[in-house]
Structure formats: C-alpha cells, structure tokens
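Some structures are shown below for you to check.
Common to both upcoming complexes is subunit A, partnered first by subunit B, then by subunit C.
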Partner chain A sequence: MNAPLLEIRDLRVGFPIADRMALAVRDLSLDVMPGEAVGLVGESGSGKSVTALAAMRLVAHPGRILGGSIRLGGDDILALDERALRKVRGRRMAMVFQDPQTSLNPAFTIGQQLLDTINAHRSLTPREARAEALEALAMVGIPAPERRLNSYPHEFSGGMRQRALIAMAIACRPQLLIADEPTTALDVTVQAQVIALLRRLARDLNLAVLFISHNLELVAELCDRVVVMYGGMAMEAASVEALFSAPKHPYTRLLRQCVPRLEGGQERLLSIDGAPPVLGQMPPGCPFAQRCPDALARCRSDEPPSRQLDGHSVACWVAT
Partner chain B sequence: MSVPLLELEDVRKHYVLGNRMLDRLAGRRRELLALDGVSLIVREGEVLGLVGESGSGKSTLAHVAVRLIGLTAGRLKYRGEDLTAKDGRALRPFRERVQIVFQDTGSSLNPRKTIGRTLREALAMRGVARPGRAAQTVKLLDLVGLADFVLSRYPHQLSGGQRQRVAIARSLAMQPEFLVADEPVASLDVSLQAQIINLLLKLRAELGLTLLFISHDLALVNHISTRVAVMYAGRVVEEGLPREVLGGPAHPYTRALLSAVPRGLAGRRAPREPVPGGPPDPSDLPPGCRFAPRCPSAQAVCRERYPAAAQLSPTHRAECHFAAASGAARTAAPHSS
Partner chain C sequence: MLRLIVGRLLFSVATLLLVGLILFLLTRLLADTPARIVLGIEASEAQIAVFNRDHGLDRPILTQYLDWLGRIVLQGDFGKSFITGLAMNAELARSMPITFELVVLAFVFALALALPLGILSAVLEGRSIDHVARVFAVAGVSIPGFWLGLMLIRFFAVEWGWFPPGGFSPLSSGLGPHLRSVSLPAFALGIYYVAILSRMTRSSLLEVLGTDYVRTARSLGLPRWRVLIYALKNALPPVVSIAAMSFGYMFGWALIVEHVFNIPGMSRALLTAIGQRDYFMVQTVVYVFTAIFIAANLIADVLNRALNPKLAGAG
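Now for the complex of A and B:
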C-alpha cells in the first residue's frame, strides 16, 4: 500500500477553560490516502471541525495544538513557518466551509476572488490566470462562466456560492480538499447537486477529500472510509461498508438507529438519553459512557484505547 | 373522517418589496408571493407533515395558521369559525387553543428569565391562580421529561434539546389542542432529535394533540405524520397519506425531493442524477408551473398555464398537468432503498 497523503497521529487540540486546557480533540489519529474520500462524522462539539482546522493549521487563538503530528505528503505541517504554510494552504490542500454566505467577500466579484487565489500560488500571465478561473468555474458546473466572473456573491444563490467556493478550492489543483459541512446550509435538492459535484471532482481530479458532516447517510454516499467522533475522540473508524453493515461501537450503532429512514419500518425512534458532553466538563473515561446502555464501571474511569476489531478501529472497552 | 380543526381556503400572503412610495411614483409594484393560494385542512387528531425547501412558504404558512400574521387574501377558519378578519382580543380564545413551537431554541426563550418564571408566566396567562402555579410547572416539566432542577436555570444553562423541551412545556401551559411545530428539531443534534420527535408523539397520544409538523426532512416527516403536504414556491403542490405522497409521488417535485434524500450505502451503489437549479425567487416566479424550469418532464403547457389540481384518490391530490398520467410510473416507483 502506498503512503497516506494526510497522516494525523495522536492529535491533541486544547482550548483554555478556567485556567486549564480543555481538550477538544483527544489523541486522534486519521489517514487519508491519495484520491480517497474519508468522512469525519460527529455531533456538535465532537471535535470534527477543530480536527479539520488543525489539519490546515487554522486553529484560532486561544485554541492550540498541544501534541501529535500532522503530515501532508510526508511533510510535517506542524513544523512549517507561516511563509511555508501559505504555500501549502490553498495549493496542496484547500478547505470549503459550511456557510457560503460568509466565506466570500461581498465587496469583490467572484472573478476577482478566484483570480486572487490563483495568483497567490501560481505565476501565470493575466490571460492564463483568467483561463484557469473560467475552467474552474466550468468544472463546478456554473453556467455561463464568462459572465459569472463579473458577478458579486449576492447575485449567486446559496448553491451557486458553494460551487464558487469549491471552484476556488480546486483552482490550484490541490491533492486534498477538506470540506466542513459544505451542504448543511443548502436545500435538500441543492445538497444533492453539491454531493454529486464533489463525487465527480474527486474522481476526475483524483482529489482526496476529508468530508466533515453530522449526517452518516450522506457520508456513506460519498466516502470510502468513515471516522466517527464523539467528545473529541475517534470512537470508530472503518470502511463505509463495514461501518454500515456491522457497526462495532455502541455510539455508532445508536446513532444509526435514532434517525428515521425513508423506507420506514421503525415504530419508535431510538433515542439516546442525555446530551453530548460539553468542553471543559468532559467526564473521565469514555466520553460516551454516561449515555451508553452497555457501559461498565471501567468505562466511567478509564479512557478506552483504540484497538483493531474485524477491520474496524474501535475505542471501546465493551465492543466485540 | 374527523372534524376539521384548521381550514385554509385559498390563502394568500404577499409582501410588497422595496420603497413603496418611490415604487408607487414610478408605477411599479414588486411583490413577494410567500403564499399564493394555499388550501389546506388540518383535522382533529392528525399529524400533518408539511415539507418544503427554503422559500417555499412553509414557515409563512405556520405563522398564518396561528394568526401571528394576517392574510392578504383568502380565509382562515378554526373549528368552523372565521378568523380571517379578527384581531387582538377577539383572537384570545383561539390563541389559547393553538400554540406554536419554533426552530431556534436559543432565541425563543427570554434569556433573562429563569425557566420557572417563564413557565409560571405562561400559566398566569391561562389564568391559573398563583398558589397552583408551582405545582403545575412541575407537572409541565414532567410531561416533557425534564427534572425540576431546571426551574432555577436560565436558558443558556440548558442544552438545545432541553431548551426545546422547555419551549414545548411552555406551549402546553395553555393546554392547547393544536400545536404547530416549525422545524422543531432542525437545530438539534442527531442524537437529540429522536428525543423531541418521540416526545411530540407521546404528547399526541396522551393529550390528544393535533400537530402541524413542519420540516425539510422527508424521512422525519414520513415517520411522524398521518398525512403529508408538499410545498413549492408558495403552493401546496401535493398532499395525501404518507404512503401516497412519499410512496408513490405524483408531482415531479416530490419525486425530486425524495431522490435527494441521502440513502447511505444504497445511494453509494446507485448515485442519482440530482434535479438541476434551485427553488425560484418568490418575488420573481416563473409563469405557469413554478417547477417547470427544473422539471425533467416539463412540456410546453407547463410553462404557460398553472396546472389545476388532479384528484388521484379521495386523499391524494397533486398540482401537475401530468399527475394522472404518471400513475403507471407511480405504481412502479420503488419505495425502498
């Protein structure tokens, strides 16, 4: 097997709460192979977005990366200085955020913003840069790209804005695209379009994708592998097929049973009592123990290490 | 069939856009058609699920249904009584029987009042005497599955799920018979959504509540509803029993919505071709059928004339020129992944 494109090992990210660092990400390890789509699934506060920001070294003050390593194509991202980092961000890995409304500058045209991105990383003549910008817009399915270059963000619908942002992200042909809930703010039918677009781009450009979402069903459509996060920890990681056909972690199992499926057949939705733990009030042991129907005494005192189980990696004392 | 509780007859809600004076001088009139001729009946005891995307008018319909806003045209009746022109004090009895729960639990509770005070004020509104209120608040909390420790808490000290329970408890303080829930779980985490859905179903069983449940999530609507209505660009384009509307959709928009629902492994094995475009701007609607510009099976007539409703069964109707013709396709339409 070849080497991973993105390799995160034992990542710890903390935020200061009441004079100490509370861990938003706890010893997280994650690989994304070249051309592979990996889904990072979790509820709010699970640490999935912080993980994505850490991979881009974008964790904002006062949050800090406290430990672990992040490598992109073998290069130590945590060791890079700001200058070197700027050459990596946007060029080798790019990010798309949830809210297409605030990710674009309302005062500049789509074309200007797209050209800024291209010119920041590549030395092209104005004509070549424009051709690249047009191609990027065409690639994400924006109709009449020549005209749309001169449009302002407010002239675009939500779905079109997200397409424009994806165009900016792929304009410099990165190897890795990090997409943080890119379809959550979009309407259902538009969401389906953006997912189809990401799937096509990943295939055509051999783009690796780290796709962050709270929606397991959506992740399963797009991704090859899934990492399920809870309370800052990777609870379970497996191929999509394995995770769906035989989830090992009690949290993964419950998460699948508490959403209704269109084909129905569920008399009553399974509900998980309680609420996800809050940063700074993380219980000892497994973060899910308090809500877990299978929890043992040990789960409430000792943090479960990640172990291999039938091709899944599972952080659980109970899973078999 | 049970008694009609809420009846909307050809309800229109139009908003005039822009600077009215300037527009009037220039002889212009730009209008946003949030609701453009909606007829809908909610019967006692049913759960009517209302589905639609943003801009479809579903929240406007919720606000009209509880008369938070007035109507531009049409009629609104509750238990046969015409409420269209009533306002202020005349609506009081109606407001006690009909309550609404909103999506955003962060802003629908007063941040400066404790939960106890919020609930006691709601009880006072109903005329519960002061000595009885404390016991009643505990009863309300019990009904929504909250312990009484929350009484002394402020909204920010609670989780989103707990806040939504408080909002539901507050609406129950009025002892309503009809509850409008406008995207009540859209801002909640997946693991908390089921708690609220199960709670609404429990309240329906225990208190005999009638529900108008508004959501963009088809699977959720399918799970909770006894009847489903689909909105698009200010119209109810299809309505019927869940197995009719979601099992054998007659309107191409309903089919588009259904095919856009993520389906996990099944969707991975057979990716679907999504419908192009987005919902139209409600201030600039296309002529004819509003879905025609996106519709894969649109004909010339669709772009010229708005379709009349086709009655496909006593309970199933759809506003599409070809609704009846798609019958064969409907019976063949798979209703599983």
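Now for the complex of A and C:
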C-alpha cells in the first residue's frame, strides 16, 4: 500500500466563543490516497468545511488550528510559512468553494483570473499561458473558450462560473482538489453535470478529490471512500460500498434512511430527531449521544475512540 | 461605455440648468433689488425703472435667465455685475485659478496620503499602524481647518519661519516661493480629507478582503500584491465617489482657508461681493462651484463604471 497524498492526523480546529476555544474539529484523522476520491459527509456545522479550509490553511481569523498534523505528499503543511504556502496552494492542492456567485472576482475577466493563477506558479510566455488557460477552460467543458476568456463573471451562469472556478483550480495540475459543496448552490441538472465533470477530471488528470457534501447520493456517485462527520468528529469511515450496504455507526444508519428513495415507495421523509450540537455547547462523550437511539450511559460521558470493524473505522461504543 | 458617458453628460447638463434656474430665481427674490442697492433708498420709481431698463431687469425672469445662460454657454461670458459694473470673466480669471490650484494641491495631497494609509491600516488591521492611523483620522476630522491654519501659521511660519505666514506668491515669482506660499494652506485644507478618505479606504478594503473571491485568490496561491490589486479594484468605487464629493466640498472650505492665509482667491472676491450685496457675483461664483462639483461627480461616475464592469454592462 502506497503512502497517502493527504494525511490528516488528530486535527483540532477551534473558534473562540465566550473566552475559550470551542472545537469545531475534534481529533479528526483522514487519508486521501493519490488519485482517490474521498467524500466528507455531514450536516451543517459538523466541521467538514472547517476541515477542508484547515487543509488549505485558510481557516478564517479568529478560528485557529490548535493541534494535529496535516501532510501533503509527506510535507508538513502546518509548518509552512506564507511564502511556502503560496507555492502549495493552487499548485499542489486547490480548492473549489460552495458559492460560485461570490467566489469569482467581479471586477476581472475570467481570462485574467485564470492567467493570474497560471502565472503565479509557472514561468510561461504570454502566449503559452494563454494556451494553458484555453486548455483549462476547454477541459472543464466551457464552450467557445476563446470568447469566454474576455467575459466577466456576471456574464456567466452559475454552472459556468463553477466550471470556470474548477478550471482555475486545475490549471496548474494539482494532485489534490478539495471541493467544498461545489454543487449546493446550483440547479439539480447542473449539479449532475458538475459531478460528472469532477469524475472525468479525477480520472483524466489522476486527481485526488476530497469532496465535501451533505448529500450522500452525490458522494456515492463520485467517491471511493466516505468519512462521516458529526460534531467535529469522524463517526465512521469506509468504502462507499461498505458504508452504504452495511453502515456500522447509528448516525450513518439514520443518515442513510433520510435519503429519499423513489423505488422504496416511502410515504414520508424520515429525519433524525433533535438538532446537532451547537459549537461551544458540545456535550461530553459522543457528540451524537443525545440523538442516538442506541445510546448507553457511557456514550454520554466518554468520547468513543475510533476502532476498526469489518473494514470500517467507527467511533462508537455500541456499533458491532 | 460611450452611451453611458453621453447619458451621464446629459444628466449633468440638466442638473446644471436646474441649479442655475434656482440660483437665478433666489437672487431675484431678494428684497434688495440691484437698482435699490446702487441708487440708494431715496431713488425715485422713475430712476429705478431707467436702471432696470438699462440692465435688462425689466424683462420676464425666464428671458433674463435664458439670456444669462445663453451668454455663458455660447460666448463663455458671465456678464457684468449690476453693482460694480465689473466683468465677471475678469474677476473669475483673477481669483479662480488661485482657488483651483489650492484645491487641486490639497486634493492630491489628501489622496496621496489617504490611500496608502487606508490600505496599510486595512492590510495590517489591528496592528500599531492601524491604531496610529485611527488616532490621526479622529484628530483630522475633529480639528477645524481655520484653527489648524492659525496653528500652522503660528509655528511653521512665525516661530520657525519655514513658510511665509500668509499671502500668495504667483508662479511668476518663482516655483520655490510659489510652492512655499501654498504649502500650509493646502495642508490645512487637505488634512480633513486625508482622515475621511483613509478611513473610507480602510473600511471598504477590509470588507472586500473578507469576501469569497479574495479567499479564492488566496486558495490559488496568488502573490500577495496580486491579491491586494484584486481587492482594491473592488474596494475603490466608494472611495472614488467620496473623493469626488470631497473635491467639490473643498471649494467651500477653501474660502475659509484662503481667508486665514490671506490668499487672493475666490474667498476675497466672494466676501467682497457679499459685503457689497453684489448678488450677481455671488450667484456666479456659486454657479461655477456647482459646475465643478457636478463635473467631479461625473468623472467619478465614469471612473467607477470602468472599475466595475458589471455596472458598465448595465449602462
């Protein structure tokens, strides 16, 4: 087995709330192998986006990475200074964000923004850089890239903007693409196209993808492995097949049932009772214990360690 | 873009016409008619009628207005004062360049200091430079220009003799003396706007630095200066608008500063006119200031459309 491309170990990210650091990510560990697509799934506030931002060292002030390690291709990301970070960002790993409406600079053309990314990392002649930019646009399926180079973001539809952002992210051929809910702000039909695009890019460029989503269906379509997050912790990690066919963690099981299925003829949508814990008011023990139908007394006092179970990695006292 | 400029231009012209009309009507509504002022209260109705006929004041107001405006637009002739009989053009040519230069110098000084200061305090938010700039800005907006002017004269001119304590040396007397004579007034006039514009720049830039697209730029590993340019192009429009307004307001404040420094600009012309109840002169000066104000805003508009392609497209 070869070494992981992205290796996150015991990551802790905190935000100051009422004079103390509240942990948005608690001892999270995660691996992404080269060329592998890993889904990071969870409800809003589960810490999945913060994890993604931490991997890019983009956690916004006043949030802070408090502990753990993040390695990309063996290099310690947390030890890099700003200058070294700039060489990694956009070059070795890149990120696509949730809202394409606000993620492009409205005052510059798509071509300019794309060229700036290329020029930040590679010494090319203007002609070569332009050729690279055109190729990147063509790769993400933007029609008539020649013409689109001179367009401003407001002349693009939401789906096209997200494609343009993906083009910028892959323009310098990173090994890892972190996609933070890249389809949430898009129409359903466009969602499918963007997922198909990501799958194609991952295959063609041998790109590893960390795909963050609250949507299990999308994750199943794109990813090889899934990590389920809740309350800042990894609840369960397994291959897509294993997780869908035999979820071990009670939370994963309930999450599975919440996905509406047409063929099942379900009469009503299922939901999990209660609400996720709020940052800063995290209960002791397992963060899911309060909503868990199988919770034991122990679950409310002791944090469950992660353990291996039939190829799953599960953080639960009761899962068997 | 061209259509936009033409549209803005037409709008500005309409504004000027309207302001001109209002100004004209207001000066005509005053109880002191030019004839009374010139001929005195003992003048007979017949004498007044003659005066009015000689100066065309017996015509309908609209005719008078169109005649006045027509001369300005077609011949560049601002007419003659009814009171002093002096040609407005000569008055303006004498005093306007001085005031204009003073304002331009103060404006350039304000921008040259405010932009770097605002950018630095946004980029280094919460660091010492930010706090120093904040204190400076509060002081800048709180200290009245005339008092600052007096203090500048007291120390930089009288005490240390670095600058002349007042008066105006024309360019013909040499560049050095000329610049020295306008330095203190330009500083006194500009410092308030350094404070305003630097704060504006800071808050606008801070807001943009927190946007998603700046995060995108950082996530792509763009150099720091490039990220700053990305942000600035989006942060500048409000600063440009305020700067344009400031340029217009400066003409008002310039009158006080000129008075303090004894500079023979518009201030002297205007104060003399007010003293003589020469409303025609007042009206002309106010009209010229209005035109400058509108022109500055027009330029700001065009500049902002150029900075923000979304607005340009919406034209």
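Throughout what follows, the second predicted complex is superposed on the first by the 315 of 320 C-alpha atoms of A that agree within 3 Å, B and C clash if a C-alpha of one lies under 4 Å from a C-alpha of the other, contacts with A are read in each partner's own complex, and residues count from 1 in each chain.
Keep this in mind: a residue touches a chain if its C-beta (ideal position, glycine included) is under 8 Å from a C-beta of that chain, and two chains touch if they have at least 3 such contacts.
Worth saying up front: this structure is predicted, and the values here are computed from it rather than measured.
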item	value
Three-chain arrangement built on subunit A, subunit B and subunit C clash or fit	fit
Partner touching more residues of subunit A, whether subunit B or subunit C	B
Angular separation of subunit B and subunit C about subunit A, which is computed from CA centres of the superposed model and rounded to the nearest 10 °	80
Which superposed partner A:G74 touches (first subunit B, second subunit C, both, neither)	neither
Subunit B versus subunit C as contact partner of A:L104, first or second or both or neither	second
Which of subunit B and subunit C A:A275 touches, first, second, both or neither	first
First (subunit B), second (subunit C), both or neither touched by A:S157	first
Which superposed partner A:T189 touches (first subunit B, second subunit C, both, neither)	first
Which superposed partner A:A120 touches (first subunit B, second subunit C, both, neither)	second
Partner chain(s) touched by A:R89 [first = subunit B, second = subunit C, both, neither]	second
Subunit B and subunit C, minimum CA distance [Å, superposed model]	9
Of subunit B, residues touching subunit A in the complex	53-54, 159-162, 189-195, 197-198, 201, 216, 218-220, 222-223, 246, 256-265, 267-268, 271-276, 278-279, 335-337
Sites on subunit C touched by subunit A in the complex	210-224, 226, 230, 233-234, 307-310, 313
Residue numbers on subunit A that touch subunit B, as the complex places them	43-44, 157-160, 187-193, 195-196, 199, 214-218, 220-222, 240-241, 244-245, 254-255, 258-264, 266, 268-273, 275-276, 291
Subunit A residues within the subunit C interface of the complex	56, 58, 60, 82, 85-91, 94-95, 97, 99, 102-109, 113, 116-117, 120-121, 152, 154-155, 165, 168-169
